[in-house]
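Only one structure is covered here, and it is reproduced in the block below.
Think of it as A, B, C and D in the order they're written, each chain with its own count starting at 1.
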Amino acid sequence: MLDRLTLSMRASHVLAALLVVAALVLAVVGSAIGDTFYLRLATEALIFAGLALSVDLLLGYSGALSLGQALYFGIGAYTSALVLMKVPSFWLAMGAAAGMTFVCAIIGGLIANRVRGVYFALITFGLAQVVAKVVYNIRDLGASDGMIGIPVIDIGIGPFSVSAGNPVGFFLVVLVIIMALYAATAYLLDTPFGRVLTALKANEKRVPFLGYSVWRARMVCYLAAALIAGLSGALYPMLRGFVSPELMFFMTSGNAVISVILGGVGTLVGALYGSVFLVIIKSVIGSWTDHYLIIIGLLFMAGVLFMPKGLIGFVRPHVERMIAPRHLRETRAPEQDAPLKAEEVKP
Amino acid sequence: MKIRGYKVVLAAALAATALSGPAFAADPIKVGVVTPSTGTFAPIGQQVRWALELAAKEINAAGGIMGRPVTLIVEDEETTPAAAVQKAEKLFQVDNVDFLTGTVNSGATLAVGQLAERNKKLATTSVSFADSITADKCSPNVFRVNARAGQQSAALAAWLLKQKPKAKIYYLGPDYEMGRSTVAAFKANAEKLGAQSVGEVFAPNDSKDYTQFFGQIRAARPEVMYISVAGNDTARLLTQMQDFGLLNSLQVVGASGTITSANMGALGAAANGFATGAGYSPQIDTPENKKFVADFRAAYKVDPDLYGADSYGTLYAYKAAVEKAGSTDTDKVRAALEGLTWNTPQGPKTIRAGDHQAMQPMYVVRINNGKFDIIDKVSAEDAIGPDTCTRF
Amino acid sequence: MSRPVLEVSDLSIAFGGLRAVDQVTFAAERHRITTVIGPNGAGKSTLFNMISGALKPLSGTVLIDGVDMTGAAPERLKGAGLSRSFQITNLFFELTVAENLRLAAQVLEPAKRALLPIRCSTRAQAKTQAMLERFELTHKRDELAGNLSHGDQRRLEIAVCLASEPKILLLDEPTQGMSHQDTADTAKLVRSLTQDVSVLLIEHDIGLVMELSDHVVVMHQGRKLAEGPPAAVRADPQVQAAYFGHA
Amino acid sequence: MNALDYLQFVLAPQVVNGLALGVAVVLVALGLTIIFGLLDVINMSHGEFYAVGAYLALALGAAHIDFWLLIVLVPVLMLPLGMVTERLLIRPVFNTKDRHVTTLLVTFGLALIAEDVLKLIFGPNTQRPPTPIPGASEIFGIILPNYRLFLIAIGAVIVAGVAFVVYRTRLGAMVRAAAYDRNMAASLGVPVSLVYSGTFAFGVALAGLAGVLLAPIYSIFPTMGRDFILLAFTVVIVGGMGSIWGAVVAGLLLTQVQALASLVISPVWTDPIVFGTMVAFLVFRPQGLFGRLGHA
């Protein structure tokens, strides 16, 4: 029988499909008019959407706010860059980035998962700051200048081959990868393990008494999120041909958090839409003022205060109503936070 | 940002009309400007923008480049390479600019240079001074119109050791790649000329408090201190040294980016006596420079600084090259730029064909109540150093 | 008769020098209701917390089914067959009734299904359905747990504990705050649980305790005062003085 | 260099200068820890309030208002700002379940805006007010600027004053009661809501005061708020949320560790050391050195 969470997830899938359709339209139109810039900008937006997706997996499902997710994005990007300069193989770069991110995430996870809530946020923030600073000082990693000269690679997919320099081709490759990451995350959340994560966010203290290890669930979630960030990051040097320590800085992590809040926390697809939305408002508002951060900040605060499910929160209930079986139609959606009693608020 | 660009067009057009210059029939030549208006380097970006606008206005008033008006299209570098590359790509692809300049962050200059190469366009920097841009990481599509770190330290070291042979020097740099290489370059230059190094320390970027190093500095009893910090860090370091009475007995010298108009206000008297090797000072006593400074002041109420002057000169270099090539075609303009000699407020500059580095006379300037007094001059040939670019 | 499902011996814990529970020993027989009673502050909930892994005891042992589980984490105790409810309703308020139950029943699935889609967890689905029917919550399956009435929430809490098919169920004041009718229904329900599990109960309603329990453990100031069948305990003069005197 | 020289020129100045920096850090952390301890709110915009205080001092100083008056005037001006922030941004989300994360995010948004607004008004350049007390004194061969001596002294006075208010007055008792258990406090007649916004405003005013006092040493620029924030959070966590003495001890201790460590290792590694300390405390002693406000 279909339940509420599965229904919400399906509604997200409908919106994700819509995004894919829009992307394909862009690809068709873009290639028809021979556009390069907008396709590559959209590719970049999708790559950062992957980072936002990883933030949403942590924040929206296990309830852990990471202020340093760019760390793994950066590790993925640097690993991929180093591999590509030696061997221009897409699959090797992706594999190495995944491996490296995974190893680093085990260490980071062991540190960060000792704590919860705001402390988790502060630790992840600090972790990323420290690593970024170290990278900033390592000459072999290009130090503050970063590394340029990452070749434009050909991506072999079975008998076919796509050049990363081909705007439409690479856009489609990134689209497939990011949507695959989205699908994998959605799949994960619709498994018994994923439901434990949802439970973790709803009431962490109750979870161990149901027989699940909170630490293990959080750790697996942390690793999965790091992998998503790392794989997204691995795509960046293929697109731009360089990496720089700024990719690990707080602003990169902060942008991902802003994307998630604007798009809608805990909706997965919201991270993707939020990321695209952020790119759009940045370039639109940025075209008439240098002080666009004020407007983004205001939008962000409005999102936190008044729109707990962001943009998706406006749209998804309608989609749910359209696709819901009858038995789920009348009941209240689980979107709203249940009102809580004062004693539960007190830490 | 497009709009901002058009505002410049409008201003240029108005200026042209006002001066009853020629009415343009031809398509404009589009120059892309990626320079920070947000982030740490925003104050530098301000000078870059102003200087380019001034140059564009003048060029258009005088009939443009080959009869075509110049349009600037300005984008925000945000002081990060990632943003710079994104904006540069827009300029190359959407706005279809013929030429790109303005990047400040060295990483951004390198990344944008690579993008220019892949887009078969030309990019220049008038600010970034990391040696690598025209050395081991040089690109056939990248030119540097300003003096690099090596030129600056060569000039400064020559002057310093003339003043104080066998000077005892203490070095303080920011603890990251750029800071370390700047210190290393000056140290090599100075030691070659007979200086004694009595100690060095690298402070983290964004240090709040430099006082923790003062004991070591005092104990080493140096006569000269070389610093290569920048921006807010300089303001803190020098005012704190002043508070601790360290400035009384020390000659402080440093990299050219150490003191600029952005932190001069905060430094006040603490900046007095600071000497640096630079490609420019508003005090340069030539008619070209006097006119430039006067026009700049009239338009923006402040003096141009090093970045302003170099950016101003960039547009004239491009003008000269296009006119020499008779085209805006990348390959032809590149060929014209290589070996080009043109006039700037700093005097004539020549672009060395081998590494695309501008050669220019270098000045040693000393700050005196907010003014950069010129105290020495080193010829272009003596300052430039060897060509180590091997890519073209 | 087989060995007791839960054996507690010499269990102690101290908070800042104060012995909250002091060398308590008792056992809970299979398919019986064992009730811990005592005045407020007697250490009942602390005792529960130690047995269920929420607190680590200072000394003593807890055996479940003969296996030493002293100080084990709650999730391990769950694996050993222990399930508990809470004095203050402790559910996933933002999740539906069915999801609350399904999460609990999910432990019944083999580990390899943890990463297969939910719909493959057939055993958990069946168990959820069974629990909904048994606890008469079927028509509320898609309600949020947070929107249920207090009585329904307390019932759901018991259902959640039972959904994982434990060997022993710890119920901490299941009738707390309930109306008269609900209390009676809950009593009936708890009685019926002994078909499947053993129950260890904390309860304040003395009438209910006497009616329900097979075995009563009386605690007072952290120590065990007496234990035995309800009638015997009630007659104990020490218990009379310490407990019923106040009641 | 002989041992005596090392002591006089290196070690002793390092300790003394570390002390001055420590006082600066304590001043910034004080408001943060009070807000954190009472409201359980991670105020990500604390650094920006510090910057606002510094800019206010700069603007008013330019209008020829005396520095000594500014020390009083700026915190007073900051009070309504803090009050309004609490009412508009903290209060509405205070009773939601995720309020820790929510308030952190809201204040992060505020920081984003504040920084840009400061740049819009005052421009991106670095500025510096004149040093109110010029000159330097020599004590046992260690030179210390008079203003830093003053800073150490006034820092001690401020800490003592705050501690007096929090631990010795009726007002402070209310604050501590509300921090311990707000329902209990409310039932005892403490105007909890007023105490909350008052405390938040007080924390903001302290940040502003730190801005006034530190600007002559550390200069003023729009992003100055980010400067102390990691260090200040570390001090709050190490000292114990809301613990005033904890903040003082942790602030002085951490800056000494930093100062002395930088003698033997590259100063770049002092950040990881500070961060490592924070991690170690979170893992092994999450309540900090002194435990949290109201609970100690």
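In this section, a contact is a pair of C-beta atoms (placed from the backbone, for glycine too) under 8 Å apart; a residue touches a chain by one contact, two chains touch by 3 or more.
This is a predicted model, so every value here is computed, not measured.
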Contact-connected components, chain A excluded, all else fixed in place: B, D | C
Closest chain to the centre of mass proxy, which here is the mean CA position: A
From chain C, the most remote chain by mean C-alpha position: B
Rounded Å distance, chain A centre to chain C centre (Cα mean): 41
Inter-centroid spacing, chain C versus chain B (mean Cα positions, whole Å): 75
Inter-chain centre distance, chain C versus chain D - centres from mean C-alpha coordinates, in Å: 48
Residue numbers of chain B (touch at least two other chains): 38, 175-176, 204
Interface hub residues of chain D, defined as touching at least two other chains: 119, 268, 271
Chain pairs in mutual contact under the definition given at the outset: A-B, A-C, A-D, B-D
Contact set on chain A toward chain B in their complex: 35-38, 40-41, 44, 133, 136-137, 139, 142-146, 148-149, 152, 165, 240-242, 244, 246-247, 249, 251, 286-288, 290, 293
Parts of chain A lying in touch with chain C, wherever the complex brings them together: 1, 3-6, 187-188, 190-193, 195-196, 198-199, 202-203, 205-206, 208-214, 327-328, 331-332, 334, 337-340, 343
Touch list for chain B against partner chain D, complex: 38, 40, 42-43, 46, 175-176, 201-204, 206-209, 211-212, 214-216, 218-219, 231-232, 235-236, 239-240, 243-245, 261-263, 265-268
Interfacial residue positions of chain A with respect to chain D in the complex: 59, 63, 65, 111, 114-115, 117-119, 121-123, 125-127, 129-130, 133-134, 137, 254, 257, 261, 291, 293-294, 296-298, 300-301, 304-305, 337, 340, 342-347
Chain A contact footprint on chain C (complex, rising order): 52-53, 73-75, 78-79, 83-84, 88, 90-96, 98-99, 102-104, 106-107, 109, 113-118, 121, 124-125, 142-147, 160, 164
